[in-house]
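Going in written order, the chains are labelled A, B, C and D, and every chain counts its residues from 1.
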Amino acid sequence: MRREVPLVLTAIVGLTMIVSHFIPPFNILKDLFEDWFFIIAAFAIYLGVLNLLRVNADKLYKKKPDAPFGLVVILGFLLITIPGLFFSGGRSFSDPGTPFYYLYIHVYYPLSATMFALLAFFVASASYRAFRARNVEATMLLVAAFILMLGRVPIGDWMTAWLPEGYRLGEWADWIMDFPQTAGQKAIMIGIALGVVSSALRVILGLERAYMGGE
Amino acid sequence: MSGEVVGVWIGAILTLGIFSFLYKDNPFYKFSEALFVGVSAGYWFVVTFWQYFLPKLIDNLALAYTVLAVEGRIDYHWVYILGGGLGILMLLRLFPSVGWLSRWSLAFIVGTTAGLQFTRYLESNGIIQVKGTILPLIVGGDLNTTIGNIVIVVGTFCGLIYFFFSKEHRGAFGGAARIGVWFLMITFGALFGYTVMSRMSLLIGRMDYLFSNWLHLIG
Amino acid sequence: MPEEEMRRIQPKFFRSRSALAWLIFPLVLLLSLAPLSSEAQETPGAEIDSVRQAEAMSPAPPDNVQAEDNPNDKGGIINISWERSADDGAGVNNVIGYEILRSAEMDGIYEHIGGAAPGATFFSDSDVKNKVNYFYKVRAISRLDTSESLPSAAAFSRVQLFDLSRLTLFILAVIIALAIFYFISKARGGKELYIRKIAGLEAVDDAVGRATEMGRKIFYIPGIMDMDSMQTIAGVTILGRVAKLVAEYEAKLEVPVSRSLVMVTCREMVKEAYLNAGRPDAYNDNMVYYLTDDQFGYAAALDGLFLREKPAAVFLQGQFYAESLILAETANSVGAIQIAGTAMPSQLPFFVAACDYTLIGEELFAASAYLSKDPKLLGSLKGQDVGKFIFLLVILVGVVFLTLNSVLDINLPNLATIF
Amino acid sequence: MNQENMQEEKSFWEKLLAIDRRIIFLFIIVAIALPLFFKVSMRIPVTPVAEGTYQAIENLPAGSKVLASFDYDPGSMPELQPMAEAFFRHAFRNDLKVVIMGLWPQGPLQANIALEEVFQDEDVKAKNLQYGVDYVNLGFTAGNEVVIDRMGHSFEESYPRDGQGTPLSEIPLMRGVRNYDNVDLIFNLSAGYPGTQEWVQYAVDVFHVKLAAGNTAVQAPAMYPYVQTGQLSGVLGGMKGGAEYETLLGIPGRAVRYMFSQAIAHAVICLFIIIGNLAFFSMRKRRAS
């Protein structure tokens, strides 16, 4: 039961999805499975949330050193869920003017945006200390990166103003993006496509069970 | 109005809290980060409740129930009970003794995506890309297109050869693989440039927030 | 206010203001949903009626209305096409939209089933019963008046058993699937399947050797994702090889990880490698340890470790995100040899620029298949190569045909349209 | 003498490379913050792929319906929000009807934020736009690419109600909109998965609907093959893409204003790489000799 049922389920659902793509009447079954998928997907989100709360409650309970931050996580969760569920006008909870919207704009948005903005600093220091033209490949990479970084902003055109119009750095950048870059992306894309096809096949046929938490 | 001002102050303080990590790891950063984790989990929770559970699960079951009560027949919408059941199994992962049951719902998710991806990747990222690479290498009277086509065809072809593992990279085959690597490197260079661009944009957004919205230094 | 307007048209029950109300009044919910089960009749073109005036000039009617079954589906859809009204696009009678009307009889009552923007010549009716005849009319609407086309011929939708438009996809899917099975069973039967040399793997010996000479540690980072990621699995497989070399050279290995499940698996892997190298005594569980699940927390912790221990070699093999930069930079600044590998396209550029060797994308999987000799991985890799071979062949032949066509002015088939 | 010089040079480069990371951080802050205070008007060259997205929208006749999927969160706001605002200005200027949705839970709210901004414009105010008639926000639904797949049969199955809880059948704009056949274009703003790639795979290639997109710069290069094959009309790449859109539209906004900072930041990064490599090579030469 523990192993067989999930393997059989995966096989049935996966094959239905594939077969329905070629044999239209199977779409009826596919639609049914998709309906269930939607509901499970939402529960999966809840699972993640509940798991997070439990881990942090555990920190508090066991008085781990970072317990205060576990408390902050839980309080942060309540900070937005209580207004969002009870005091933000029900289904129109995300309209401008609701408490939920206020928290989104003034707490969630600055935090989320700033977390990602940190990366700018790390890119800068890695540029200074780690990115080296250590071999032919890395050199080509850096040269292409230079042309794009400068060509995508007016500095590039300004630096190459002595070249005739149509041959300045901005145009080089366009050309690289439209042709060699596109070609390279295509090769990567086709390779990944075949990789996805083979791993999907292994999953559906039960050869790959890593998703169930190891063999 | 004053609510807005308070809000911007809160936002600015939290922004500085995250940035303080750049100096070094510290409790102010840890607080902001923990708050972020909690608030974002809460955000998902609320949105999923209002825009998901209510309209898709509860409403559908309510509809099925109403049809049963009013017209006395069993409606298609009852299938949502099974979906809901599988969903609840998912939550059982939280309890170690019955956690294995969550594999049933997981199997459902994995099977659906694997089945859909199988055909979608093969077609959109495989066949259609291959079709798009079938271009004439010489286009009369149009040098730009001719060069462009040659670059696309040669680049894609050689790039694929590099990812071909059944043959040793020697001779002409090795040469093609070598050209393939160059194309890959130019592609990575482009990605590099664009990633730097992306990261800088994000920082510009935050700086502008601090100087315009908070300090009003920029009009 | 738009919001108020929406509220007005909502059924009473949906106006409730908070979740609390929902939870307290589930019965109210059930009862007020009742009207939804019988679909309300739509009033055709209500908002268009308001702009209509009595003494208007009619726009030219749409012409040549055709209705036919949507091909290659499970039925339930009829496609309607028409020629635009002569007044569509300009003039006083400029058409501002089309209405699509439907009836079960040619001379019956036609009901509004949908609308289309000016310039449109196509509508798809997906609310039909299979094998039932329908007739369609299209009505052109100007600001002042409307005019209807003649009805279409009868059309009905039906189920098709096979989607012929997807034949190529089907054949290719079958070929690749069969190739994968064939090679997996071959590998299971003990046949050696050839895989080309992978530069990054060759460099592992040098890196481990150098660490031994310098007497410094080797760090192995198997990415930040859990064991359900194929990349993590590949990373852990490669760890097996590295650990075996380390055991043979008597160097020192540390594997700090960010997932507890990964820790357990890595311990197994390293232990087995030490056993195979004939040095089980040299292994202890503390070589593999858990730091934290948190992305930046993990990066910061590794940062500290690298700076303190100054490792001679760092392996970054698995699934990485933004932290790749921080790791590669710090390891580089302490002078470590770095061998990276990931299938994350957005992180590969940074690894190539900052590390000495990088396994690019599929090379990571190929390396792990090669090292683990796992039949399913080897078989898949070979099956994918068959797919690549077909693609390469199609590109080659297709390009040659098209080029010959353009140079010699002949008419060879265009594979792009056939394939 | 020469020997001494070498010695000095070595210590110079080594010292230079070993400076505290925080000094580099400071450089970046200055490089980005300072230019914000100057109003420099710069010519924004337009890339062909951005033009593709603009034209796809521009060529729609008035009254056409655009399905706009907002698949991003505030983390990518500086890159995608200018595009969102420009898109709404563009759509409303050309009298297009907009159906908003999101595969990311934060997306529909980002759309509301952009709408709030755009509704301040006098031109837009004058149009007296009505919710439910001129635009509608369907909200978020869970299920990633499966949602896209399912919407090919029926929007209502994925979105029984809009973001405010109104059943779709009661929204005037949604009347006659059953699936992709009844929309004229999909416009997608995407910061990752699920996003533009999934829209191409599950909507464009199966249901043959037109798609135009705006992406974060990290993602944009991977979309070029789709543009080359025509699966995608065009793609706006990052903040620069937003600035290009604003330029094409003739309404310069935030993205254009930020371009000076962006330019200086790129220059500084290039400079860092050059200094780093000079140091690397001179130190390697020294080690070799």
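Everything that follows uses one rule, which is that a residue touches a chain if its C-beta (ideal position, glycine included) is under 8 Å from a C-beta of that chain, and two chains touch if they have at least 3 such contacts.
The structure displayed is predicted, hence computed values, not measured ones.
Shared contact partners of chain A and chain C are B, D.
Pairwise, the chains sharing the most contacting C-beta pairs are A-B. Comparing mean CA positions across the assembly, the chain most remote from chain B is D. A straight line joining the Cα centres of chain B and chain D is 14 Å long.
Centre-to-centre separation between chain A and chain D, using Cα means, comes to 15 Å. Averaging Cα coordinates per chain places chain C and chain D 19 Å apart. Chain centres here are Cα averages; for chain B and chain C they lie 9 Å apart.
Touching two or more other chains at once are residues 18, 21, 27, 34-35, 37-38, 41-42, 45, 85, 90-92, 94-95, 104-105, 108-109, 112-113, 115-116, 118-121, 123, 125, 127, 129-132, 134, 137-138, 141-142, 145-146, 149, 152, 177-178, 181-182, 185-186, 188-192, 194, 197, 199, 201, 211 of chain A. Shown for chain D are the residues that touch two or more other chains, namely 17, 25, 28, 32, 75-78, 108, 139, 141-142, 144, 146, 149, 153, 161, 163-165, 218, 221-222, 225, 228, 240, 262, 265-266, 269.
Contact with two or more other chains is made by residues 3, 14, 19, 22, 36, 166, 169, 173, 176, 296, 333, 345-346, 349-350, 352-353, 361-362, 381, 387-388, 391 of chain C.
Taken pairwise by the contact criterion, the protein chains are fully connected, each one touching every other. By the touch criterion stated above, chain B contacts chain C in their complex at residues 21, 25, 33, 49, 54, 58-59, 62-63, 65-67, 69-71, 75, 118-119, 122-123, 126-127, 130-140, 153, 156-157, 160-161, 163-169, 184-185, 188-189, 191-192, 195. Put simply, chain B touches chain D in their complex at residues 22-23, 43-44, 47-48, 50-52, 54-56, 59-60, 112-113, 116, 120-121, 123-125, 128-129, 131-132, 152, 187, 190-191, 194-198, 200-208, 211, 217-218. Listed in rising order, the residues of chain A touching chain B in the complex are 2, 5-7, 9-18, 21, 32-54, 56, 66, 69-70, 72-81, 84-85, 90-91, 93-94, 100, 102-121, 123, 127, 137-138, 140-149, 152, 176-194, 196-197, 199-201, 203-204, 211-212.
Note for the complex: chain C touches chain D at residues 2-3, 5-6, 9-10, 14, 36, 39-40, 42, 46-47, 96-97, 100, 113-120, 122-124, 126-127, 333, 345-346.
Remark: chain C residues 3, 14-22, 72-75, 159-163, 166, 169-170, 173, 176-177, 180, 184, 227-228, 230, 233, 261, 265, 296, 322, 325-326, 328-329, 332-333, 343, 345, 349-350, 352-354, 356, 361-362, 365, 376, 380-381, 383-384, 387-388, 391 touch chain A in the complex.
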